[in-house]
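Each of the next two complexes has chain A plus one more chain, namely chain B in the first and chain C in the second.
Let's look at the complex of A and B:
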């Protein structure tokens, strides 16, 4: 069975802003309908179908309840692939971060405070990007246009890059 | 994957590692990166303003051996060239010189981009 459209699976329109409590209700309702126990007396082929549908339901729910995963899903459907370009305005930060990481690995503990400062900065950037995304989501839902998706694609690339940096710093600070 | 001898040599003895004063009018800085592998490369040139010849070049690269070797070679090659000549350096020249395998070609692209970015930065400074 091919994976169906996740939005359709939940009976929703393809929108980037989603009412989460409503999504949760739909999830529980469908979960009950598809639960293997309810199909215990059914023919094997039907039991198998309900099992597959349950798996899809879980994937769909995990994807749609998370704003970033939801947007990535919609962008992929619309043919907007992740970019391989590094956001140019972040390169200086990345370079300095690598320098500090190298010094820390070299045994210079005094760079810890620099790394902590970097983490704060990246976390703030992440928040800023998330706030921007919320606005872009709303704009797309009001008038779905490819140009709006392009902007969302760029913001998500930036977000991915920043969240990688946060992870890198954190794994170094708390090994 | 085995590195070529030339890559290993540049990796073990990188030429021109360091940095030049970014505020200097004669210095152009190129900063490039590749998010898929996390590489960052900084390449700087110092140009003689009368002759247009690149008199010094420095780099610092965070990345794999091939990325380090590509940028090390790039600094060697640009030194003594005019800015216009340096713009002629192509990533395939670096690939051939270092015998880079196909999976490492993007490292040479990064080095070519770094040279171009440094020259662009230098020219931008001069036009102000």
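Let's look at the complex of A and C:
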């Protein structure tokens, strides 16, 4: 079975903000209909279909209930691919950070406080990006124009990049 | 037109589906009667069947009947075989010395136990335990039992699950579903009747530890996260006490008994009794009588607790991780359920109480609750229980090996199953004919730190320039937590063949051979058995089709489609009474093929029904 559109599968319009309790209700209702446990006594062809359909249901639910995964999904469908490049405005900071990480790996523990400060700064940036995304999502849902997606794509790239940085610092500080 | 379906297949009330808890120390079988799940006792009246198998000259001894053989013939008596399921020699190197039986050569991908002059794999030993449970159920229910739900630790990996399914096949049981033990326990408690909420199930058994956190709402049991350790349990506590006793004896008697199988088993029995009594009384005298000598030692509960505290503490990290993965804090958990014999230990209860800040449920017998839950799940699959549904998760992330031995994760742990992921593969050099995909399970970044699951070989790729072939590979984890892989050529749309080389476990052919050689099969005509099984399968598809024809989807079928189904149906009915199981199976498959689109339409109807009345 080719994967259908996740939004359509749930009977929803393609939107970046979703009513989560409503999504959960739909998920439970669809699970009751499609889950293999409900078709255990059926012919093999029907069991096979039920397995396929509930795999798609679960994949779709996992994607749609998380705001970032949901936006990534919608962007990919609209042809906006992820970019792993560092956002230009962060280049200087990332350079300093990598230097500090090098020094820490080299055994210089005096850079710890610098790294901790950097982590706090990046966490704040992450929050800022998330708040910005919320606004962008709302604006897109009010008038779904493909042009707005470009801006969302850039914000998501930035978010992904920053959260990777935070993770990297985390793992070096608390291995 | 529908007259053919009114043919009477005899008075066949649907065959029962039983629930089985295949435990490290004890195993149980249960079924649903009108009042709820009931555990079925063995011939000796005991609910628990000891998970011990003795291979002697005659028929194997299984369960409580094999208990004495642990002492009389330790080299040919297997216990705790669950710890060996789905494992290789390297995995069990540490504890191999503690087992009185030996492992044979060639045990790298499947362990082979040398028992006398024969060798057995862990699934074959487990099959003997399953066979005993099957017989107990048949004696109690007065009819054949061929279908079962079997429980596994939630944290079991793919190979361990597959090995459990293999054991079922060898025992002549169609394993309709593998259910995770903590999830099964939550079903048995019927917590959905009380109220909606979040519950944690803490399951410390003989050899494995699981923690699962579930959300219960209107009969849906949705597992939010699971964690655990498949090598942590009561056995570890026993071994700790055992080592002390062996050291004592060495210094008192000047004799090292650790390589004396019988003495170790006698001592193990004494140790287990001591451990169990210490849950109820503050001090116990552990003693051993062996070859006219006697050993005694008084153990106080505080001493015992100091001795095993670190083992109990090892369960707490998985608990904390599980709470975090569920996106919760300990305060948000409404109820805690205790499962497994080891949760009788006061120290364990204390640790759970402190961590979850809640007094845990212990109303149901912790040793029976998993089997009872398995019976409830059997009732769900048989269609007898309509109001409950389990949505379980995969405990470990699934990944594929990338350049430089790095894992790229394709299905994350705690994803609701069934779950799937699709990846497109291509070639690296011109004219390349096959692509090898290495699939692993685990959370670490490097392949060497994860568990190798299997290598999938995409063969006979059309020779094209590098990067030109595009083969879409779909990884699907089913409701049992077991992976299957299919591939499709994106250009032609054709199915692509995939050869599977499991890293651990038996091939299909090996399992087939074991079925043929198994003890039960030797007693009867193998062909007659296969015919019976084929007819049972035909019964299933005939009954399913009868139901499907009452379904709205049937009306959507075009006349030629209906005619094709009728024809395949008539052909199956014609061959039904023949003794040729190959012929019967061929016609089952033909009928199945004819109903593919019907099944598709039924599923689409189900989606529409579910969404009916919701705003779009």
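As a working rule, the second predicted complex is superposed on the first by the 173 of 175 C-alpha atoms of A that agree within 3 Å, B and C clash if a C-alpha of one lies under 4 Å from a C-alpha of the other, contacts with A are read in each partner's own complex, and residues count from 1 in each chain.
Basically, a contact is a pair of C-beta atoms (placed from the backbone, for glycine too) under 8 Å apart; a residue touches a chain by one contact, two chains touch by 3 or more.
All values reported here derive from a predicted model rather than from experimental measurement.
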Inset, instruction - Please indicate which partner A:98 is in contact with in the superposed arrangement: first for chain B, second for chain C, both, or neither. - result: first
Inset, instruction - Could you let me know whether more residues of chain A are touched by chain B or by chain C? - result: C
Inset, instruction - Considering only the touch criterion stated at the top, classify A:109 as touching first (chain B), second (chain C), both, or neither. - result: neither
Inset, instruction - For A:164, decide between first (touching chain B), second (touching chain C), both and neither. - result: first
Legend entry - Partner chain in contact with A:61 - chain B first, chain C second, else both or neither: second
Legend entry - Residues of chain A at both interfaces, chain B in one complex, chain C in the other: none
Inset, instruction - Within their complex, state which residues of chain B touch chain A. - result: 31-36, 38, 40, 42, 60, 62
Inset, instruction - Please name which positions on chain C make contact with chain A in the complex. - result: 14, 176-177, 217-218, 220, 377, 380-383, 389-391, 415-422, 476-479, 540-541, 543-545, 547-548, 591-593, 595-596, 598-600, 602-603, 606-607, 609-611, 614, 616
Legend entry - Complex contact set, residues of chain A against chain C: 1, 3, 9-13, 22, 25-26, 28-38, 40-46, 48-56, 58-59, 61-62
Legend entry - Touch list for chain A against partner chain B, complex: 84-86, 91-92, 94-95, 98-99, 102, 157, 160-161, 164
